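In the two complexes below, subunit A is the common chain; its partner is subunit B in one and subunit C in the other.
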Partner chain A sequence: MITGGLDLGAGVIKGALLEDGRRVLATASLPSRGTPVSAARRLMDELGETANIAPGDVDYLCTTGFGRYSIPERNLQVSDFTSSARGAIFLFPKTRMIVDVGTQASRTMSISETGKVLKFKMNEKCAAGAGRFVDRCSKYLQVPLEEMGPKALASEHPKLISSVCAVLAETEIINNVAEGVPLPDILMGVFLSLSQRAYSLMRYVGIQPEVTLVGGLVRNVGMVKALRDTVGMDVNVAPDAYYAAALGSAILGHSRLLKLAQAPRPAGG
Partner chain B sequence: MSGAVAGVDIGSTTAKCVLLGEDSRILGKSLNPVGVDIVKDAERALEAALADAHLSRSEVSFIAGTGYGRYKVYFGQLIVTEISCHARGANFLFPGTRVVIDIGGQDTKAIRVNDKGEVVDFAMNDKCAAGTGRFLDVCANALGFDVAEIGPLSLQARRAVKITSTCTVFAESEVTSYVSRGKDPKDILAGLHASIANRTLSLMQRVGVEPEITFTGGVSQNEGMVQALHRRLGAPVNVSPLSQYLGALGAALHGRERLSGGAT
Partner chain C sequence: MPELLHIQSLLGEGELPPPVDISPDFREFTQAQSVEEMVRLAQEVLADPTFPTARAWRKAGGKAVGCFPVYTPQELVHSLGMLPVSMQGGGENLEISRADAALGSFLCSISKSTLEMALTGLLDPIDAFVFPYICDVSRNLDGIFARVLPDRPSHMLHLPQNFSSPATIPFLVAEYRSLLEKLERVAGRPFSQEDLRASIELFNEQRALVARLAALKRDAPWKVTLLEYYLLLRLGGLLPREVHIPLLRRALAEIEGRERKNKDAIRVIVIGPFCEQPTLELLQLVEDVGCYVVGEEFQMLHRWCPHIEPGADPLQSLATSYVRTPIDIGVRSTPTTKGAAVLSRVDDAKAQGVVFLTAKFCEPALEDVVLYRRALEARGLPYLHMEFEEKSTTFEQARLQLETFVESILFD
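What follows is the complex of A and B.
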């Protein structure tokens, strides 16, 4: 039985194909660029090719994320909280707290051992705590997004940012550049600033191990280090945690499919 | 002691100076952008105002500094916060002022004043670019306009769009998406001005809304913003061509008072 999960985020669409709700066949992502439906179709094709299956072989498709209602081919949609929780438990079964720093929003939630969301806190109003802040820094510092993390690791004296607004921080960062602050210190300052915001969301929910980082910034080594330093404890990180919500929705799709198979068919249906 | 009194206001983007005569008449004024050397900018502001007034430095008997960079006005004898200067300046131009709204390039303030121009209460947003001139700058840029054009253009709107994002960064994307959906830039601009008017009203509510309301700071030169505030408040707001100089004027008035032995 093959199920697909699509996580339609504000910036990037992530996808996963799963066999029997357990074995990962393929994961991939694409920038949505304002056309999520066609991007999602391209992503499904790409996933199918990697997994070496025909498009018709996907038994069930479950969507999640900001744009989950936009895909007509979906069989089911689930909230991003539910899917991230499920995905995190799949990757790290002892996860009790999830930190998700996405393009447009960051959120923190505590979950039960079965992956049920207990409490959550979200920031979607302000770019300062979201991946968008990193995107902007990448642009005006002219450092490609994927190089920001590795470069930040060379920082010896991170330059903390006092502004809590992404726009005002921009002025501050440009001043720091003008004053000759080394680039790695500036970059680490950006990640520490984001980590601070995530940390305050975490404290609001109540910190409990294990903490798993999922979503957009999980592949950024600078962000991972900054978060570990800020929180003062280990944070679970895995390459597939980038796809946590997509994986989670494929798993939830599988559970639903099993339930449907067991349920008696409605008469005349 | 006689002679002119100078008020020097060093803001985050511009330096202003006002020279006040003995009869509290404005003798001269200046406005210059602020660069990296704030000390020099302060000097330059005073020099320019002196040139405007055809006065020499020796004819100035007292100098008061205010604004974000007030501690760099080394040649001054008095330093006053910009909040009390704006209150004082607004009271001078519009004696009936009870609330001063100051929207600058980097922050927004609502100041409640009494009939003597003294500060009763104030609220300030200097943490977030939303609701400040910076918000208009960023969004004007996203639309490809100069910030000086957007006020008049916003007044030609037929149907203002609703800007739902509070954050400047998110509003910028919202603007871009409205453009790509074919919305009239004038309607988008009207929406942006309305958004700032909303933020301003909530800041004002923290000190109490009471007429007369005097609108100052760089953004008060934007006619679209004046109208948007008028509409949102349901009452007209006082604006003066001198409003950008209000901090400097207030500083000079405080200086005059100090010179004549009064308390400031």
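What follows is the complex of A and C.
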């Protein structure tokens, strides 16, 4: 059985194709650029080409993320928490806590050994606690997103940002630039600021190992270091954790298919 | 001469006609036959911040008394021939411009919207105000109202927090007498025990119908949506009770006869919104994502005491019923029993989880969440905590959290 998972985030759409809920056939992502539905369809085509699968061969499509209701072809939609939990436990079976710093929001959750969400918390109405803040810093500091992490690793005296609001934090960064604070220290200050907000959420949920980082910032080495330093313990990171929610959706789609096979729905039901 | 409605024909046996002639403005409510129609009327009333039911009542020559949440002995107001009107904030449509200058940003929405309404003339149909002392904000609103609306009486009602002292009931009776002194001046007529007995009996009828609806929502939640349930209850604090009672009776007859499918939804109790009110969209969302709300704290004014026997001294009976109520919500300081109380409510409702829906900056609600959480965690019961404000406009985060909560219970 082939199942697909689509994570329709605010900035990027990520997708995964799985065989029998275990074997990863393909993963890929595309920026949504304000047209999530057409981007999602293009992404499904791309995934199919990589896996050498025709569009009709996908038995079940499960969506998650901000735009989870926007895809008419979906069989089911699930929340980001539920999908990320299944994806994280698939990648790191001993995961008990998940941190997800997405474009729009940061989330933390504790999960059971089966990947069931036990307790969760997300930041509310706050860009300073989400990936959008990193985007804005990248634009202002004129450092491409993919270069921010490696540059931040050179920091010797990170300049912490005290403002709790993204707009005011930008002003603070402007002041730091004007005062001649080295760029790596400013960048690491940005990541530490994000990490501390994530840490507050983690404490609410109750910190327990193993901690796995998923979502957009998993590829950012600066963020990973900042989070490890802030939490004071190791944090699981893997390239596929970028696709955790999409993988989790495909896994949930597979378990739903199995259930449907056991108890088929009546015609027209 | 105003057109009179034949209210008596709508009332049950032994029920009193309203103390003033009901104007034609209530005809829509007296003639509404379907729950759908009642819900539409309720939504219209809530969308209008100018208190249309109080305006209609005054048009017929009556006086209206605004009652801030959570509990005011409305029977006292009614026994003096006045309409007790629930003041539960300005809702999502009210723009706050003047109250923000007077109140801190760390205060709940209802305090600001209530003051905004006072400053902008929206409370003109209300002749007097009662603020029960449920928190520091409500206490101070009384003082603020005395300054901004000096021509209309405002009263802070002290409600006891010591429920075992022999002095508690006499204290509350004295408080009620103090309130009555002001109400008598507004009504222009003296208090009488006989009138109070009659009012208690009328409110008993309303309480019994509300209890019947709440039991139905608990036992067969698929028969009535949370939105319908909430709006029917909310009308009970705004309409003349003589209009609400027959309306609720008609609604119950329809709801009890409904044949609806029991969905695959999880049973939850909603705790926290006993004062400030969430938007209707948020209430609808709770059930849209796959919950059945089988217990809650909405409109507690109708449910504080199941039944009050007026007795020889109805004022004493009213005070006793308040003190001895089994209701144990955030505005009662009972820290040692809160944990057991929430578990008992879960058990009674056969709930699978609890949704804490608390107003931002609501201290009574937020303090109790800590006690409730401890008890639920010890039992291994799932819960979700979300905060709301009156002017919430986007619900994506709320939806996400509610969906996750439901999925965490549904998926193995």
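Note that the second predicted complex is superposed on the first by the 263 of 269 C-alpha atoms of A that agree within 3 Å, B and C clash if a C-alpha of one lies under 4 Å from a C-alpha of the other, contacts with A are read in each partner's own complex, and residues count from 1 in each chain.
Assume a contact is a pair of C-beta atoms (placed from the backbone, for glycine too) under 8 Å apart; a residue touches a chain by one contact, two chains touch by 3 or more.
As the structure is a prediction and not an experimental result, all values here were calculated from the model.
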(message) Taking subunit A as the common reference, can subunit B and subunit C both be placed on it without clashing, or not? Answer clash or fit.
(response) clash
(message) According to the stated criteria, A:122 is in contact with first (subunit B), second (subunit C), both, or neither; which is it?
(response) second
(request) With the two complexes superposed on chain A, say which partner A:233 touches: subunit B (first), subunit C (second), both, or neither. (result) neither
(message) Once chain A of both complexes is superposed, is A:160 in touch with subunit B (first), subunit C (second), both, or neither?
(response) neither
(request) Using the touch definition from the top, say if A:260 reaches subunit B (first), subunit C (second), both or neither. (result) neither
(request) Check the residue A:168 against both partner chains and state whether it touches subunit B (first), subunit C (second), both, or neither. (result) first
(request) Of the listed stretches 59-67, 95-103 or 239-247, mark the one in subunit C with C-alpha atoms clashing against subunit B. (result) 95-103
(message) Can you give me the overlap between the subunit B contact set and the subunit C contact set on subunit A?
(response) 125
(request) Report the residues of subunit A in contact with subunit B in the complex, numbered from low to high. (result) 34, 104, 125-128, 132-133, 136, 163-168
(message) For a test of understanding, state which residues of subunit A touch subunit C in their complex under the given definition.
(response) 66, 78-82, 105, 114, 116-118, 120, 122, 124-125, 252, 255
(request) Spell out the residues on subunit C that touch subunit A in their complex, using ranges where they run on. (result) 382, 387, 396-397, 400-401, 403-404, 407-408, 411-412
(message) Please output the residues of subunit B touching subunit A within their complex, sorted ascending.
(response) 106, 127-130, 134-135, 138, 166-170, 177, 180
